[in-house]
Amino acid sequence: MKQILIAGAVASTALVATVGAASAQACNDADRVPITWSTIAGFYTDAMAKLVSGFEAKNCVKVNVVNIDNSQLYNKQVIEMVGQTGAYDVVTLETSEKAEFAENGFILPMTDYFADKKAQLDDVAPTLAALTTQYKGDVWGLPYYTYTAGYIYRADLFDDPTEQAAFKAKYGYDLAVPTTWAQHRDIAEFFTRKKGDKLKGEELTKDFYGVGLMAGPFPEIQDEMSGVLWSQGADWLTDDGKVPVDAVEKAMDDYLKLVKFAPPAALTVTYDGVMNQMKDGQIAQTYSFFLDQWPNAVTTEQSVPGARMGVAEAPEKKAYIGGFLLAVSASSTHPKEAMDFVAYIGGHDAQMEFAKAGGTSTLMSVLSDPQFATPESRAKTGHFATLLKIFDDMKGFRSNLFDTPFGAKIYNTMQIPLQAAAAGQITARQAAEQLASDVEKICGGPCPIGK
Amino acid sequence: MSFSQAWDAGFRAVLIYIGVVFAWLGLVERYFGSQSVSVVVMNVVAVALALAFFLRARSRAVAERARAEAEVRALMEEAV
Amino acid sequence: MSQSMSIPASQTRRPATMSAGMSDRWFSILLITPAMVVILVFALLPLAYALDVSFRFADLTRGRLGDFVGLDNYRIVLADEAFWKSVGVTLQFTVSAVVLEMVLGIAIAFLINGATAGKGIIRSLMVLPLATSAAVTGLFWRYLYDTQFGLINYFLGLLHLPQPNWLGDYTIALWSVVLFDVWQWTPFVALIALAGLQALPKEPFEAAELDGASTFRVLRTLTFPMLKPVLFLVLVLRTIDSVRLYDAVAVLTRGGPGTTTESMTFYLYRTGLKLFRMDYASTMAVFFLYAMLVASLFALAPLLKQFSTRASEG
Amino acid sequence: MLQRPTSFATEVLRYGLIVLVLAFIVFPILWMVVTSFKPPQDVMVSPPRFLFTPTLDNYVHAIWEKNFLFYIKNTLFISVTSTVLVVVAGALAAYSFARYNVGDGHILFFILSTKMFPAIAVILPYFLIFRDTGKTAVGRFLGVGLDQPGALIISYTMFNLPFAIWLLVSFFQDIPRELEHSARLDGLSRMKVLRKVVFPLAAPGIAVTGVFTLIFCWNEFLFAYILTRKTASTITVGVESFFTLQGILWGPVAAAATISVLPMMAFVLLMQRYMVRGLTFGAVRG
């Protein structure tokens, strides 16, 4: 039954020349249109290679993928855009960069391209679509990978009777997945132990820490703190484009209380450091942490005997939402093929393939596909259910940081005062004030917010 | 004054000019009412200092050359 | 590849009878033309561009260069407190790194120079830190410095010594960067000092030994004076490179924690390539060049005088 | 060199210190090579694992999947060409400064001052220059456009010439002049004097300059990252493909780094013999 259906589907797509005049078969390599896609290297590069060859089979296009380190991607792409070299046809943008690239005319609006493909647009998780694709009424591309944040923890520690009893005795309520940031801090304090103390009844051979933090000199500390800030009802930029110093100070204070329960290396690492610490059995839980790292985190069950990993929504249901957006460069010499590529990679078939390889898809149809909810695929897609809950709870959420053309510049430098405070060099108040003056210097006064 | 000495003195004079501009912008300008006045005064002071340095270097070079020639003449007379 | 190196032999085969003076001048200018062509074009063009941009409003993401703003960029940069802090960090790093590298480098050079066997192996092992880029060796130093997985703290733990947070503790982060720089560049100083030591003529040392001079006197009166030009040159080259510190900070600490290890060039990188304010970046670059020119006028004077006196001995 | 009868104790002390210094210098590289043979689960663990079942997967990953030999080929071509250009142009210029003192030191000062300008402020003008040369047919033919090796070769030649010239001037001045005068009297043309007498004598200086120029080209990151994209990318840019969304692939990056050390070490060993041979030939008895 299934085979016939697929055959039918393939036949219909071949008939309906949806894409490009020359059908795939008649295209020989000589006249393939070359397009370049600049993106970040990843586990899924082999899955990506399959996706790209899938696209090349259907379209008379040659796609070459340029891998750039995530911390350099922003500056490298801007330089190529400013130089109008046309080097990159399809670019990969972070959530905070979309507004800047759109405002400065670096990328092309795709609103009319998607005019007749409404279904594909609506399939993107609405919360994510609002943040990543929309700016000033236009659609600027499709997100193909989401690093929306949730909460990852060692479920075996939470279910251990001795720990549960000790926790209840100390804090007066049951040890369970935290629903408030205060509970999260209690759990962090509770599980911070020295070498020689007991954990689950056994003696610890090395120090154990209650929480893993990304307090290193990378633009991730602000992702962690976004959860607390947004759950206070505040945002990095108020509607009149200024940094709310008091709210940021409070979020920073909460963060500083947690730094005590984190490994000293927290001040030097980003998400891969936290994952290494989790896989080596050094931390009990993360702060609000990128759920796309779930396939990475679940391998703890092999490296740490008796470990079982759990994933849940971040406390108070507020955490960083974001994704990598595929957009078409304004200086591209083949915008039509580039847009087809964006639509293909962000489309259903490619995203299904991507999810099977362990990629965190952005489409509701893929996230809610029953085959990914089965126990066997837990190691790769166990976090999809949580993602659906997060997108549902944060429906209609928008952050001013992602709607200002200065968003990318703020996002790429705001970690400096925050990290200085985490390292104890300045106080939370000074960090908030420093951030406010830095943002004002970047925007040259209050930042313009273009919804 | 040989070309090499002139080049050297000229180069140092330009550095002095730029140095005065930087020092002025950093330290002195805040005491001036209008910026345009301060810029004019700054240029005058900077050019004056640079020129003074260049002229002093030139006069010292000329004097040194004169003394060297005098020495050579003295040696020549001694030899004859 | 870019410009042909061949100076036609026929052109320079002057008959020996031609007065040597004129052809010397032409010959000396001919010799430097290939190098000067490359240097002039590729030094003056960017300098002119940077100077031009430093007088304009230039936010790269706004596309074209902005309009003329006079000295405003200089006023802003001179009043920028973060800029002066990064200058302080750079000076602190340069002084400590260069002093350590020179002292250790020369000591190692003497150590190896006296070694009878295995000089070749020792010399090639010493090139190892430079054999691959700071981007990679720096990465592994970050791995060694890691408080959870690093080896340094693991061995310190075995010896029950305190285990510092090398890159996270803002009081010692800069010293960790200095240690990495010393590890990478001390062998460079040692190798050049060693090449200098081995190029020294033997006769004066044998004579000194005959009249029983103490090793210390030989060092003070013979070895160091003769080594002075090469050592002074290495000092100048190392200082210039240390003041332009970027790689070590970019790979180890990225200026963190906070801005405690943010060198001037890293602050310039952040301003130019993260905030894309090319106007401030060019202004800082011009200011940096000016400061280096003034400093080197004094520092290079003895070396230049020494070069020209030895040249005119001919 | 000092023929003083060295007692056994000082010899032991000397070699003890040398071993200590070499241990400090070699250990981080050794740990990198060890990591290149480690399977992923043994890399990021505490306490650090010294005993493990070695694997070649990292090398397979670096060479085949990340196509690292391509980057090494690029880097070799760019570095060696730049080094040859720098040493030839640098030696000629340095000889002229050492013997004829062209420009009375001012040109020398200007040359070194070009090294004092921060690379970051220079990178954008270079990017625009090479973008425009790349647009012209001649430029593309000569390979000096963006993402072509010529762009990096010119940049590296420009960036290393000042260092090479200053180092070589001091080495040239150590060569006694009598040898040159006698050669000139024998009727050799100037270029022959240079080739037959001066350069062989300055062999150690030229070798050291060549080695370090190659090292600077081999390790450069900023120009390579901005001026290239894929076809002309060097090792330092290639390493970026190991920084993935799942974190740093420590094993493969160690393997790639270990492979990229080999050509450099081979070159140093080659130059090593040349430097020593140059010594014995010269007026200085080894």
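Going in written order, the chains are labelled A, B, C and D, and every chain counts its residues from 1.
The rule is simple: contacts are C-beta pairs under 8 Å (C-beta built on N, C-alpha and C of every residue); 3 or more make two chains touch, one makes a residue touch a chain.
Chains and their UniProt names: A = ABC transporter substrate-binding protein; D = ABC transporter permease.
What you see is a predicted model, and the numbers here were worked out from it, not measured in a lab.
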Check: Counting C-beta pairs in contact, does A-D beat B-C or the other way around?
Finding: A-D
Note to self: Distance between chain A and chain C based on Cα centroids, please, to the nearest Å.
What the structure shows: 40
Checklist line | Gap in Å, rounded to a whole number, between the CA centres of chain C and chain B | finding: 31
Next item on the list: Would you mind listing the residues of chain C that make contact with two or more other chains?
Entry: 60, 148-149, 273, 293
Note to self: Where in chain D (ABC transporter permease) do residues touch two or more of the other chains?
What the structure shows: 44-47, 104, 124, 128, 248
Margin query: Once the touch criterion is applied, which pairs of chains come out as touching?
Written below: A-C, A-D, B-C, B-D, C-D
Check: Which residues, counting only chain C, touch chain A once they are in their complex?
Finding: 60-63, 142, 145-149, 165, 167-170, 253-260, 270, 273-276
Checklist line | Residue ranges of chain A touching chain D (ABC transporter permease) (in the complex, touch as defined) | finding: 36, 40-46, 64, 66-72, 76, 79, 83, 85, 87, 145, 206, 271-273, 275-276, 279-280, 282, 292-293, 296, 302-303
Check: Hey, which residues of chain C end up touching chain B in the complex?
Finding: 70-71, 74-75, 78-79, 287, 290, 293-294, 297
Next item on the list: Flag every residue of chain A that touches chain C in the complex, lowest number first.
Entry: 71, 74-75, 78-79, 82, 100, 104-106, 216-218, 263-269, 273, 276-277, 280, 282, 409, 412-413, 416-417, 419-426, 442
Notebook entry, point to check: Quick one: in the complex, what on chain D (ABC transporter permease) touches chain A?
Noted result: 41, 44-47, 65, 124, 127-128, 131, 146-147, 225-226, 229-230, 240-248
